[in-house]
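Listed below are the structures to be examined.
Next, two complexes with chain A in common: one pairs it with chain B, the other with chain C.
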Partner chain A sequence: MTTPSVRVFHKLEGLFSIYKPPGVHWKLVRDTVETNLLKGINAAPPPGPRQRVQFLAEPTSVMAEGSSELTLSAASVPALAHHPLVSGPEFQHIGVGVGHRLDVFSSGVLVLGVGQANKALTDLYRSHVTRDYTLEGELGMATDNFSHTGRLIERTTYDHITRDKLERVLAMMQGSNQKALLTYSKVDMSTQEAYELAVKGELRPDGKSPPIMTGLRLLHFQPPHFTLEVQCLNETQRYLCRILHEVGLELRSTAVCKGVRRTRDGPFTIQHALTHQHWTSPDVIQAIRQYRSSRKAGKAKHTQPGKDTGTASQRQEMAEEAPVNRVYFVFVKLF
Partner chain B sequence: MSLAYLRLCTQHRLALGARGYATPTNDPRSRELKDEGPVFQYVGKQRKPNHKVFVWGFSYTGALGIPSFVVPDSGRKKPRKYQLTPYRLETEQQISSAACGYGFTLLSSSTKDLTKVWGMGLNRDSQLGFQRTQQDRHKSYDYVLEPSSVPLPLARPQQTRVVQVACGRAHSLVLTDSEGVFSLGNNAYGQCGRKMVEDEVYSASHIIHKMEGFDNPVTQVVCGQDHSLFLTETGKVYACGWGADGQTGLGHHNMCARPVAVGGDLAGVKVQQVTTYGDCSMAVSQDGQLYGWGNSEYLQLSSVTEATQINSPRLLPFEGVGKVTQVACGGTQVAILNERGEVFVWGYGILGKGPNLSESQTPELVPPTLFGRSEFNPAVTVSRIHCGLNHFAAVTDRGELFVWGKNVRGCLGIGKKEDQYFPWRVTVPGHVVDVACGVDHMVALVKSVI
Partner chain C sequence: MSCVFITDFYMALTCIQLCQRCTSLLRSRSVGIITLQYSTDAQNWPAALWNSFIVPVLPSVLQRSPSPSQTRQRWNLGVRSYCESHAKVQPSQTKHGNTDELPGTDMVSYQNPLSHQLRDGGMLLKEWQTALDLDDAPGHSALEEISHEEAVRMDIPAALPPVSISLKDYVNESETLSKLVQLGVQLWKLEQRPNVGSMLLRLDFQTDVTPRLVFLKQLGVEDSRLGYLISHNPFILTESLENLQARVAYLRSKKFSAESVASMVSRAPYLLNFSVKRMDNRLGFYQQQLGLSAQKTRDVVVRLPRLLCGSLEPVKENLKICKLEMGFRENELQHIVTVIPKVLTANKRKLTQIFDYIHNTMNIPHDLIVKFPQVLNAKYLRIKERHLFLQYLDKAQYDPAKPNYICLDKLVSLPDEAFCTEVASATLKDFELFQKTM
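Our next item is the complex of A and B:
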C-alpha cells in the first residue's frame, strides 16, 4: 500500500544539483541533504491506523447471570504495530548518491541522486562529460599544496607580468591540451574517420586519460589577482590548483589558488544549483521536475535518431547558456 | 632556479602586509610568515623574449647542425639518425632567417658582425662555401656537421646586413640589404646566375658570385630545385637556371645562366611574393592575384591548362579563395593563404583533408578548426604557410606550428615516423615566429613566451 510518505519518496527520486559551500567535506553535505529529505518524507501524515478484528469476551455483568457459554463479540480494534510511535518513522534511510566529488577547499555544483536515480548517476559519473570551473589565483606566492591555505614556500615578484604574457602562456597550455585530447582519443590518425571527427571537434578520449583541459580562458586580471575559466575532463581539484601553480612558473614567478568553484557539471549548471537554505524536499522536488522538463526540451530540439545504439543510452548535445556551449554525455533513458 | 637572486623588497612587504591586503586565510601564523622572508626576482620588468632555433628531421647529412647525432661524443651514446621532435640548436647570434635545402641548412643573422651566415649539412657542391678542413688547407669538408661560417665576399662587411637566405638542391642564395644577391654552389644549369663552365668541379670551390643584371634592388630570393627566382623592389620577377619544365618562366625550355626578367601574364604586374621548391613556381601580386608557371604534372596548374608544363607565367583565376596574401609550393602540392587567414591546398599527395583526398585541381579549404579554432578561440587564423618537398607547415597568429604531409625521415617533427593526413600541432617550447621546410628536415625560429 502506498502511503503518503512513499508517494513523497517517489517524487524525490531523481537527479538534482546543490551548491556545496567551501570548507565543508562533501560527505557532510550529503548527510545533511539526506537528513532534510527524510524529515520531509516523514513529515507526511501517517496513514490512518489499520483496523483489525478482535474477538472480545463479553463483559462480566452479562456473565454474572449464570450462563456457562463463552460469548465473544467482534470488535474493530486499531492495529498499533505500524504506528509511527511504535515502529518509528517509515523511512529511516534513503540512498542519496553523489556524482563527481568536490574536495574540502572547493565549492560549486555537486550532483546528487536519490533512490532509483543513482543508476543514472553512475552512468553520468562514468561518462565523459566536461566540467567548468572558475579558478581564482594570486601571483607572487608558492605554497606546498598549491592553495593559499598551505605552507608558504617562496615569494616572488610579479611586476613584469602583463595580461598579454599571461594570455600567451594560457594559449600555449591550451595548445598542448588540445594535442593531448587528440593523442588520448586512441583513434588511428591515418583514417578518414579520424579527420572528420577532428574537423567537428569530436575527437575525445573515451576511456582512461589524464586530466585534460578542453578550454582555458582568462576572465579577469588585476595583478596580483587573476581569474581563469577552465573546461576540463577527468580532473581533480588538486590538479586545477596545480595548473595555477604551473601558470605562475611559466611566467617566471609563482602563483597560488585562492578558490576553485565548479560552475557546471555535465548538464547541471550553477544557476539551478540549490543553496543551503533550499536543501529541503519541496525545493528538491521542484529542482528535479525542472531538470526533467529542461532535458525533454533539449531532447526535442536535438533528436538524432540515427545514432541510437542498442543499449538504452543516447548520445546527445545540449546548448548551454554557460560560457561554453557544447557538452557531450551519455544518459540513461529512465531519467 | 639558477637565475634567481635574493632581493629584500620592502615595498612588497608593505603591499603584502596585513593592513591593506585582505588575507584570504584566517590562520594568523601564515599571515605573519607572509611579512617575513625574502622575495625572489627571477625576471626583470624590461625583459625581452629570447630567440631560439629548433631543428628536427634526418641528421646524418649534418643538416641539423648537431655533430653528436652523427659522431657521438661519448662511446656509450649511439648515433641518432632521425630527430623526431624539435631539438634546440645553440647559435651565437639571433637568427633572423633560415632556409632548408636538399640535405643542408643555411642560417643568417641581421647582425653587423663579420660572421653573418652559417651553413651545415651537405657541401659536396660548395653550397655552404669553402669549409677548410683542419688537416689540409686546400680541401673542403663534404659534410659540415656544425653551423659553420660562410665566407661572403662583402665589400663593406661591417655595414651590410643579410636579409634573407634561400637553398635549393645544390645551390644557395644570400640576399643582403645593400650589396645585392650572392650565389654559391652548383652552377651546372646556370642556377647561380653566372656563365656555366664546362667540367667545372664544384666541390672545394671558392667561388661565391655576386649577381648582376637587376635593374632594382632585390627584395626576395627563392630557390627551386635547380633554378632561382628573384623579386625586385618594383615587383618585377627575374629567373635563371634549369628550365626544362618551364620553371624559369622565360618562354623557353632552355637553361639560363644570367637573371632575366620574367614576362607572360606577369608583365607590368607588381608581385609581392614568389615561391618555389621543386619544379613549379608561383607568384602573388600585390592585389591578391595568383600566377603560376613550370611543372604541372601534379595538377598544380591544371585549372588553366591541360599541358604538363607552362613556360610562361599564367594567371590562375580561382573563385571563392578571396584575396591571396601568401603562396607556398612544394614538389607536387600548392598551398595559399588568403587575407582572412584561411588555407587552401591543391595538387597531388597528402593535402591535409584526410587520406581520401590525394589529388585536387582546384583549391580545397582546410577547415580552420584543425588549426585550433573553437568556441573558446574563435579568432585563431593562420599567419604563414610554407611547403617542403612533400609536406606543409602553417604558423598561426598564436605562435603554434601545424604540419601535415608525408613524414620523410621524420621531417614533420611530431614524434612518430607515420605520415600525417591532417594538420597536427608540433610541440615547440615557445612562440613560433617562422619555419623553414626542407626535404627531410625542418628548422623553426622560436621566441620564448615571456
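Our next item is the complex of A and C:
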C-alpha cells in the first residue's frame, strides 16, 4: 500500500550532486543529507487510524427457556498497534550512497544516490569518467602532507619562476601522462583505429590504472599563488597535492596545495550542485528531475548526429564532451 | 497414529486464557529485547512447550463456562503445581475413534496433577497422575457441538504473547499504554531502551501514573509537554511522590518562582529524578565558580536547566579553556555566561575552533567578542562563509570606530536572505555562487 511517505521516497530515488564544503568529512555530509531527506519523507501525512472490531456480549434481560438469541454487539475500537507513536515513523533509514569520495581538506561536487539509484552509482564508479579539479597552489613552502595545513619542512625562493617556465613544466607533465594513457589503454599504436581514437580524444585506460591526468592547464599565475585546472582519472586528492609539490620541485623551488576543488564529476557539474542550505527533500527532488531532463536532452542530441552543430568550435566542443557522453551512456539511461 | 497434533486455535486459547488472567505473572517477567519464543509448529510443540514456555500451562479449555472464581482457583493451583513439578501435559482419555479424524482437529488438554474434578468427562484428576503419554487418544474434539449460550458466554480474549520485542503487541489491551499514547508519549523510542518497556507495562494507570501526572500539572507543566517529558524520562513515573515533592520544595526554598520551576521541569525532563543534595551541590558550584549573585545564578539555571542534570566535569573544562586558552577575564566570562549559558556545555573542540577563527583570522579583539557572545554559539561554517564573502566584497570591517562597520550580531544571527540584502548588499544567488568557489 503506497502511503504518501512512500510516494515521496520514490520521487527521491535518483542521482544528484551536492557541493561538499571544505573541512567536513564526507560521511558527515552523507549522514546530514540522509537525516534531512528522512525528515522530508516522514513529514508526509501518516496513513489514517485503523480500527478493529470487538464483539461484546449484551446482557440478555430475558432468558427465554429453550431458545435464547445470540446478542452480540459489534464495536469499532481504535487499534493503537499501528499508531505512529507506537510503531515509529514509516522510514527510519534510507540508503544514501556516495560516488567518488572527497577527503576532509577538499571541497566540490559530490555525487549522491538514493535507494535504487545506488546501482547506477556503482556503474558510475566503475566507468572511466574524468573529473575536473581546480588546484590552488602557493610557491615557496614545502610541508609534510603537501598542503598548507601540514608541518612546514622547507622554505625556498621563487623569484626565478616565470609563467612560461611553469607552463613548460606543465606541458612536460602532460606529455608523460599522455604516454601513460596510451600504455594503459592497451590499444595497438600502429593501427588506424588507434589513430582515430587518439585524434578524437577517446582513449581511455582499459581496466585498472594509476592516476592519469588527461588535461592540465594553468589558469592563473601571480607569484607566489597559482591555479591549475586538471582533468584526471582514478585520482585521489592527496595525489593531486603531490602533483603540485612535484611542479614546485621541477621549477627548482617548492610548492604546497592550498585548496582542491572538484568542479565536475562525470556529467555532474558544479553549476547544479546543491549548497548546504539546499540539502532538503524538495530541492533534492528538483535536482533529480533536472538531471534526468538534461540527460534526456543530451540523449536526444546524441541520437541525431546528422544535425548541424554550427561552427567548427562548437563541433570541437561536442567532440570534447562526446567521449565523456559515450562512456557513461550505459548507466545514464537508467537514471 | 501415534502423534498428538494440537491445533493452533486451541493452543492459542489456552495461552490466551492464562495470559489474559495472569498480568500479575507477567509483571514478574521482563518484556523487552527477549525474542518471541511462541512456536506454532505442531510437530515441535510438545518438546518446545516445556522448554520455551515461561508461563505455566493452565487447566484445559474443556472447562466450558467455568465460573471466574473457579477458574482463578484452578489457575492458582496451576501456578503452584507448575512451580512444584514442571508442568505436565495430561492427555484426556477419549475414544480412540477420534484419532481417525483430521490431524489438526485433535487436541490435548492440560491438567494440573493436583486433584480437582473435571466437569465433563467425569474423570477425576487423581486418576491421571501419569506422565505425558502422547500415544494416548486425544480428548474433546474441536468439532464438538456446544450450545449457543455457552458459545456467547465463552470469552476469547486476544492472544497476548508472553514475551515480545515490541510494545505494540500489548498496547491494545493495556490501559496504561493506550493512555500514554493518547498523551503523546513516543513508545517506539522507549521500547528500544532496556527494561523500560516492561516497566511501563507493569505500571498501573490509576495508582502509579495518575498521581504523578496530577503532580506535574499542579506544578504548572503544560499538558502538551507531558508527552515529551515522559518520552525522555519514563522514570519520573517510578519516582516516589515524596521525593518529587521534596525536590520541588527545595527549589522553591531557593527562591525559584513557580513558573520557572515548571519551565525548568518541562525543558529538563530528568531534573526531578536528581536528589536534593546533588542539585544543591551544582547550584553551589555555579555560584562559586562564576562568582555571580544568587539572582543571576538563578537566571542562568532557569535559562539552561540541564546544567543541574549533567556532570560538572565538562563544565569545569570549558571554564578552564575560556580562562586560560582564550584569555577571558573573570567579569568578561560572567557576562558571556549570563548571555549565552550554552557556552558552559558546548563542545570544546568546536568552541576553540570558532574562537581561533574569530580572533586570529577575522582579527576581532576580546572586548568585541564579549559584547556579542552569540558568535561563540554560531556554526563555524556559517561564520567562515559569510566572512569570506564580505572579504571578497571588501566589506569585512568589524571595528566600530571606523566607517561601514559590520555588527557581529548581524553577521551571525540573520538568515541568509536578510544577510545578503542588508549586510552584503548582494543577491542570494551571488552568495551561493561564492559558496561554490570556497
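Rule of thumb we're sticking to: the second predicted complex is superposed on the first by the 292 of 335 C-alpha atoms of A that agree within 3 Å, B and C clash if a C-alpha of one lies under 4 Å from a C-alpha of the other, contacts with A are read in each partner's own complex, and residues count from 1 in each chain.
Methods note: a contact is a pair of C-beta atoms (placed from the backbone, for glycine too) under 8 Å apart; a residue touches a chain by one contact, two chains touch by 3 or more.
Small disclaimer: the values here were computed from a predicted structure and weren't measured.
Student: With both structures fitted on chain A, tell me whether chain B or chain C touches more of chain A's residues.
Tutor: Of chain B and chain C, more residues of chain A lie in contact with B.
Student: Given the touch rule stated above, what does A:Gly88 touch, chain B (first), chain C (second), both, or neither?
Tutor: second
Student: Could you tell me if A:Thr2 is touching chain B, chain C, both of them or neither one (first, second, both, neither)?
Tutor: Neither chain B nor chain C is touched by A:Thr2.
Student: Given the touch rule stated above, what does A:Leu152 touch, chain B (first), chain C (second), both, or neither?
Tutor: first
Student: Based on the superposed arrangement, let me know which partner A:Gln222 touches: chain B (first), chain C (second), both, or neither?
Tutor: In the superposition, A:Gln222 touches no partner, neither chain B nor chain C.
Student: Look at A:Arg168 in the shared chain and tell me whether it touches chain B only, chain C only, both, or neither; answer first, second, both or neither.
Tutor: Only chain B is touched by A:Arg168; chain C is not.
Student: For A:Val199, is the partner it touches chain B (first), chain C (second), both, or none of the two (neither)?
Tutor: first
Student: Considering only touches as defined above, state whether A:Ser190 meets chain B (first), chain C (second), both or neither.
Tutor: A:Ser190 sits against chain B, while chain C stays out of touch.
Student: Check chain A for residues that touch chain B in one structure and chain C in the other, and list them.
Tutor: Chain A residues touching both partners: none found.
Student: Show which residues of chain A lie in contact with chain C when the two form their complex.
Tutor: Interface residues on chain A, with respect to chain C: 19, 21-24, 52, 57, 68-72, 77, 79-83, 85-88, 107, 261, 270, 273, 275-277.
Student: Name, in rising order, each residue of chain B that touches chain A in their complex.
Tutor: Counting only chain B, the residues touching chain A are 7, 9, 12, 16, 24-25, 27, 30, 33-34, 37-45, 47, 353-356, 367, 369-370, 372, 374-377, 398-400, 418-422, 424-425, 427, 431, 449-450.
Student: Would you pull the chain A residues touching chain B in the complex into a rising list?
Tutor: 138, 140-141, 148-149, 151-152, 154-157, 159-160, 165, 168-169, 171-172, 174-176, 178-179, 182, 189-192, 194-196, 198-201, 215-217, 231, 250-253, 258, 324-326
Student: For chain C, which residues count as touching chain A in their complex?
Tutor: Going through chain C, the ones touching chain A are 148-149, 151-153, 166-169, 171-172, 177-178, 181, 184-189, 381, 385, 416, 432, 435-438.
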